[in-house]
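Structure below; questions to follow.
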């Protein structure tokens, strides 16, 4: 990215600031397959394609970039990029620092354990167990409510890998899709039951740039309506991620 | 200006319980890493000054590999490497990674200390009938160890700081906790300032002890 | 008792000993002299196996030493050595310096070894310093401890490499006295020294080395007064007897 | 055994284009950090040897703070500090953080080099009528600089490795890319091994250059 | 021309100069002698303001120098100094060594300064070494360059602190020759030296320092042959004239 002397003032005329003129620069950790990851040196995944589609709808050039999840909010505030489109879920706390669009998918939080684990069959079996979660993920809170023996990670892959090592970790709570991807990559783990918590990944922008949020929301709605969204979702997951039965699950925020 | 101090104080009061525990973990990590590093270090130093070309080559390889790559890459690599062989908690995986890293630097400390001992000591030992092994164990090494303590103390301080990197494999030491605190409270600036102070205090304490010991050593001479 | 035959020794390209034959009888005191670089130290070190020979052989007490097969540390213990710079063990007390080798090499029990060490220290006049660290001793005292340390292994012969040349002049006497006492007791000794008075009075034989060869081997009275060797006379002038 | 080599080769072939680019970024980061660090280092070294107590205190404070805390904490702290003041790209934020960190170490290098210059040089300069500033600029400093080059080269190598840490603020250098590669391919072990080799090669190249320069310096003498 | 009045100088607790009065006339050559530690170097360094006085004052060419108010670097340039260890600038060529100060202190343009520097080098017989670095010179050549460097600032007086005592004996002559030439040309000089022959032949006056005081100040013929001072006679015996 280039240095840019953009003013932080709110604009009322509906125009918005962009870090790079004519481009929508958006960030993801790049460590979250299949949502955002690198292939052949290029960022790809569900999040990225959604971002690309939104940018195109807005008549902008898509410019996906990576930033570690630990510092991704700060990068937004520090004007390194215009938006976070990196499976960051809306929470009340985060909403104090950034403005969020409508969710662009629902994600089910699922419990994963080692393939050989026969002890843990439901969330009730998690009491007092050692649970791994990615620090600052939305699953940190549910994990805390069932156990106080929490192990924090900065990457899901590291956490899930630890499940395969006896005695290191009893369970990991993360997005079902991420765990299933790891299983596809021969991780000796399994998911327990159905998603219990649902988070709402949304797109974050700087608060003073709310005009941009409005435009993104509009574009998001358009790609959902014209079928682009469904096409992308089907391509990656063989289903539409927004089609979720929200009955009986806890919406995390 | 006072504003920032008030915030800092708040952050400090809110976090000190967690940070004190995390500081303990940092110290434990450091201590274990130094112990492991010292074992490795002594072993590879002895290999490096041995007569055997093979042992020398192994030691050189180890030292070159460790000194030629970043610690964080070593941590990741060993983490995934160790994981596929033996079962370790994250703490121990981290401590061992730091220990193996330290080993290369400590090997050089010991090699220097051993080679710094006057050759006459070895000759006098042989002349009274000791073999090389006895001379090393009873005469050379004890003297080298005494000399190695100041640089080892320095390595301890370096390790104390380096231990911050094992946060990547999920050890809840000072920096790992700071990261979570910062993200949770969105007071990143203040949190990292506070955790920096924890490190600073620890480093200053150990630097002080080290200076004191060095002075004592100089007086003893 | 201690014999060297045809000893050759080179360091890289430099041939330091060019075929030395030396035969020291039991109870004999041999003083080795020669200009700096003539190979005196190297010869002593070869006789104590601190250096490997390139050629030739060394016999200790009638037994030919085989560098490859023998345990050199055992043989070394039979031929003690005293160094110019003492080389005491600084991290051990005087008593420990003396008792160390008997304990760990001869496996004598510690009590016994220390008792014997104490007796030897008494002999060199340093029993009152038994618990002191070498750092606190004068040069002369250090060298006497070094002699005691060598004696503790009950060697059949003792080699001295310029034992007094690192000492302040006023401390030379006490060390020479201890050496003279040893000689009187019948210790077999080879001494490299520039102390011509000691050579004259104590040596049974004086050997002159020059460029790695023995150029003279004579009793002191002949060596000092009637030498026909040009180099020997030059040397004697130089050291100003 | 050959299995792992085949996998490694595959990983290498799949990633080398990206890694070569990332290696370039690593080198650029390192170079910029050393330049910034040298500017800081010279400034603080001069402050430390100045007559002014205030300047000395400032320099000591800076050096103590930097040497007393982990680099990764400094990076985080500066990142949050800098971003709230000026807008910088990640690359420049990282390079500046590394540069400020380096400054403390380079300051000690220069202080050592300056104080290592014979006092006679200063006296001779004063004796021909130069003032202190002229003596420093024209006589002492140029000589100190020449002496500082080997330790600066060493610092360059340390920085090359340290630069891996700015991945936390999203710079796509070698380690950052490796992290993403590992997450995408789930071949962590192999990926970190490969990226370790990239670092190793870079370090060995620069160590080689450094040795060559030192030898040249010795021959010139 | 160059006068010191009641010069006192201490280092910590050690009083090195205990009230020195010295007066050097224009064109005079004064040789300063005394045992090691008597304060000769310190006196020279005070006269060149490399050391601050604790008490007393120094007058250059009739002008009293005020340490606080004057720009000492200006005053220093008027009194050149030649050091025992030459202190040439190793990173500059011989010509640059000589031209450096005129260029940056006197702001003379580079071409001009180098031309003048070359002329001075010719005077000390080293114009052929103009482009060589000091590392390649012999000690005697180095010291001649150092003299040239001092001369380039056109000083009113030159101070020499044992200019030949770091030189191999065979190189002393060439430096003394240059100094003698300077003296003959009427340069005001204060020379600390142990070269008694030079003192005898070249000096107008010899001053003897002892424990920070001047204990003798006389013409050479009187100093060497008729001194009534006990310490002077001791000193002369010691240096073996």
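Each chain carries a letter (A, B, C, D and E) given by its place in the written order, and its residues are counted from 1.
One rule holds for everything that comes next: a contact is a pair of C-beta atoms (placed from the backbone, for glycine too) under 8 Å apart; a residue touches a chain by one contact, two chains touch by 3 or more.
Keep in mind that what you see is a predicted model, and the values were worked out from it rather than measured.
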Max Cα-centre separation from chain D goes to chain C
Between B-C and A-B, more C-beta pairs in contact link B-C
Cα centroid separation, chain D vs chain E, in Å, comes to 46
CA centroids of chain C and chain E: separation to the nearest Å works out as 54
Cα centre of chain A to Cα centre of chain B, whole Å, reads 37
Where chain A touches two or more other chains at once, the residues are 70, 74, 158, 161
Shared-interface residues of chain D (touching two or more other chains) are 76, 80, 84, 179, 182, 188
Multi-partner residues in chain E (2 or more other chains touched) are none
Pairwise, the chains that touch are A-B, A-D, B-C, B-D, D-E
Residue positions on chain D within touch of chain E in the complex are 118, 120-121, 123-131, 134, 138-139, 142-143, 146, 221
In their shared complex, chain B is touched by residues of chain C numbered 48, 50, 71, 73-74, 76-77, 80-81, 83, 85, 87-91, 100-101, 104-106, 135, 146, 149-150, 152-153
Within their complex, chain A touches chain B through residues 70, 73-74, 93, 96-97, 132, 135-136, 151-154, 158-159, 161-162, 164-168
Note: in the complex, chain B contacts chain A through residues 79-80, 83, 87-90, 167-170, 172, 176, 179-180, 183-184, 186, 188
Contacts from chain D onto chain B in the complex sit at residues 64-65, 67-74, 76-77, 80-81, 84, 161-162, 164-165, 175, 178-179, 182, 188-189, 192-193, 195-196, 199-200, 203-204, 207
